[in-house]
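Structure first, then comments.
Going in written order, the chains are labelled A, B, C, D, E and F, and every chain counts its residues from 1.
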Amino acid sequence: MSTVKPIDDPERNPRVKAVFDDIRATRKTDFVNNLWRTLAFDPSLLENTWTEVKRLMAAPTALDPLTKELIYVAVSIANSCSYCVHSHTAAARAKGMTDAQHAELLAIVALAAKTNHLATGLQVPVDSAFEAAAR
Amino acid sequence: MSTVKPIDDPERNPRVKAVFDDIRATRKTDFVNNLWRTLAFDPSLLENTWTEVKRLMAAPTALDPLTKELIYVAVSIANSCSYCVHSHTAAARAKGMTDAQHAELLAIVALAAKTNHLATGLQVPVDSAFEAAAR
Amino acid sequence: MSTVKPIDDPERNPRVKAVFDDIRATRKTDFVNNLWRTLAFDPSLLENTWTEVKRLMAAPTALDPLTKELIYVAVSIANSCSYCVHSHTAAARAKGMTDAQHAELLAIVALAAKTNHLATGLQVPVDSAFEAAAR
Amino acid sequence: MSTVKPIDDPERNPRVKAVFDDIRATRKTDFVNNLWRTLAFDPSLLENTWTEVKRLMAAPTALDPLTKELIYVAVSIANSCSYCVHSHTAAARAKGMTDAQHAELLAIVALAAKTNHLATGLQVPVDSAFEAAAR
Amino acid sequence: MSTVKPIDDPERNPRVKAVFDDIRATRKTDFVNNLWRTLAFDPSLLENTWTEVKRLMAAPTALDPLTKELIYVAVSIANSCSYCVHSHTAAARAKGMTDAQHAELLAIVALAAKTNHLATGLQVPVDSAFEAAAR
Amino acid sequence: MSTVKPIDDPERNPRVKAVFDDIRATRKTDFVNNLWRTLAFDPSLLENTWTEVKRLMAAPTALDPLTKELIYVAVSIANSCSYCVHSHTAAARAKGMTDAQHAELLAIVALAAKTNHLATGLQVPVDSAFEAAAR
């Protein structure tokens, strides 16, 4: 259960309804997932969060839609957010992620976690070549 | 400085030399970065780590090379591995990442972190639709 | 379920009963939440943990009680501790946190997570002004 | 060093200059810290990030300015963001944080981390009382 | 529920069957836990993961089997992996971990988390003595 | 640099001197590392932290001294605490950790991180057998 009281009919609030309508129109589906329903307890937080997600994830940008979802899933795993892993894995699949790509995503996330812990355990100093490259 | 004694001439150990040679051949460069130089204190750990990195990151697989690096950078940021952020950002740039793509990668990682913390703070219950989708 | 066997009647152990009695007296409630019931498997760990929580969270100190709970919730979210998010959000509400304050707490935690990931992704060097300020 | 090329005179870009000017006006100081200077490599990311920080941290809201900074520092510690710990500790001090409050902030963050790890290690089930309280 | 479709009879795939048989033979039990059953959706990922776990955790090495499991549990707690905390706590118990050792493991993990957060909050500079010791 | 002003001669405070003397006596060395020197800005926080570290890490308990340090290093890596990785790796070496044991510690931490991320990415459900085992 969430840490805020679920609202019985959140769309009675016109600000909430406007966001939900935009979610449905943008995603071309009647389904509004629980993150948005839960955020409805504070219309400003709901509006600000959706605006940012829409601008970055639902509009054409420099990276293709599937790549963006794969990155989102990767961060959600590393931050151990169970809800986000479920919702963004579903989104990645909706954007065409195959089982083979899913397996490879997980393999890369796991390998990165492995070498992250190795480099932190060893306290490897940053190569001056990397610093120069940014110059 | 690292938590293990740097080895003066690590390639005097033939197992280390074989790995370093393979790194240079695979990446078509003379540069062997500090992670591998530091791992040289234990040839088995060095061999196992390189074998896994090479198989996943240096061979053609289901995801394209740049996408794989973007995922790697994303996890490294979320795990707060300074060395890894430097080395894999450099690798992504070497594989063609533009400044616009870099900015977008950072924006998505930051947005994911934001909604990860929101969903965890709200303890949003997983939608049954997501569970069904995996069925 | 927990990773330790729940104890049927933990208060048969006088050390456990003493801690539970102190929790009830300190908090002016009959309710002893699951963290303490689970810690009862090791009376020393239970005693040490409660002593520390009581000293810092249940006594008047430099920060007011609600601010202390907000900080506690913030850390619990960032560390992805589901139980702690629930228990300390409830505690914050018991100490007067309004819905507006809750929404703002979540917004700040989410924004901090966002800029944490940006700064780590960018590897922003620490300003010398900050170092001087600590001098 | 950062992972992006520092820009020599970032304020030659009018969008960057507008943000820097607003930072100086809002904070009543000539000092613009490195996070913003580094973000200048992508004016959109700079604008969006500053807009959000300004709205939440520099305007009067439900929580007082010092409490907001303490929460920000707490999250930055838990996410292990060295830059953010430095910058927001400096900000908290600028907003009046005393040494005693700083010590207590650190003590609470450390205690929360301790019980976060205990609860996660024990996999303590969430009390039904907490769930009811959110109802 | 997992993010991948559970496979009805995973051992109809001979590569999966070979891994499951090896798990049963190595551990001398008929029980194959859910991590392996879930990984069966991608036989290569299953094989690579099991090979690595077997080599490090099921073979005699420099550290004794119980110590290795305690380290594994500690990392799993810090990374907030609920499944891993359950599975490796069970494994540690199977390798002889007593209740007193379990309590002490949790106490050390909790103390380490506490001082980790203190040191990060204070940004304690690394002693030159530690760097010299690695030389 | 630390986020608190270093104190010129911290032992002029008798409470600080008492703790430093106890550190030197307990560890049989003149060396007092920076964590304690930095914590000296708040004698209560210094006393409480040292008391807890001494009780758990410097006294004979259910686990042997080296195992305790290995667990401490493992958590410090997973929490990405650079200072703690350095100080506890040095402590482990002082308690007899060999290079082979160090390499194995790192290999286990890295493997645990890998399977932590896999299990979180897959959202593997906890086996009922693990829950029963705790009963």
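Quick notes
The rule is short, and it goes like this: a residue touches a chain if its C-beta (ideal position, glycine included) is under 8 Å from a C-beta of that chain, and two chains touch if they have at least 3 such contacts.
Computed from a predicted model, the values in this text were never measured in an experiment.
Ranking all chains by how far their C-alpha centres lie from the centre of chain A, first place goes to F. Taking the mean of C-alpha positions as each chain's centre, the chain lying farthest from the centre of chain D is E.
Here D-E and C-D were compared by C-beta pairs in contact; the pair with more is C-D. At the chain D-chain F interface, residue numbers used by both copies make up under half of all numbers present, so the two copies contact each other through mostly different positions.
Inter-chain spacing, taken between the CA centroids of chain A and chain F, is 33 Å. We define each chain's centre as the mean of its Cα atoms; on that basis chain A and chain C are separated by 27 Å. Separating the CA-averaged centres of chain E and chain F is a span of 20 Å. Among the residues of chain F, those in touch with two or more other chains are 1-4, 45, 48-49, 52, 75, 77-82, 85-86, 89-90, 100, 103, 105-107, 109-118, 120-123, 131, 134. Across the complex, chain E is touched by residues 1-4, 31, 33-35, 38-39, 45, 49, 52-53, 56-57, 61-63, 67-68, 70-72, 74-79, 81-84, 86-90, 93, 98, 100-101, 103-105, 107-109, 111-127, 129-131, 133-134 of chain F. The part of chain E that touches chain D in the complex is made up of residues 73, 77-78, 80, 82, 85-86, 89, 105-106, 109-118, 120-123. Listing the residues of chain C that touch chain E in their complex gives 3-4, 41-42, 44-45, 48-49, 75, 79-81.
On the chain E side of its complex with chain C, the touching residues are 80, 85-86, 89, 99-100, 102-103, 106-107, 110, 117.
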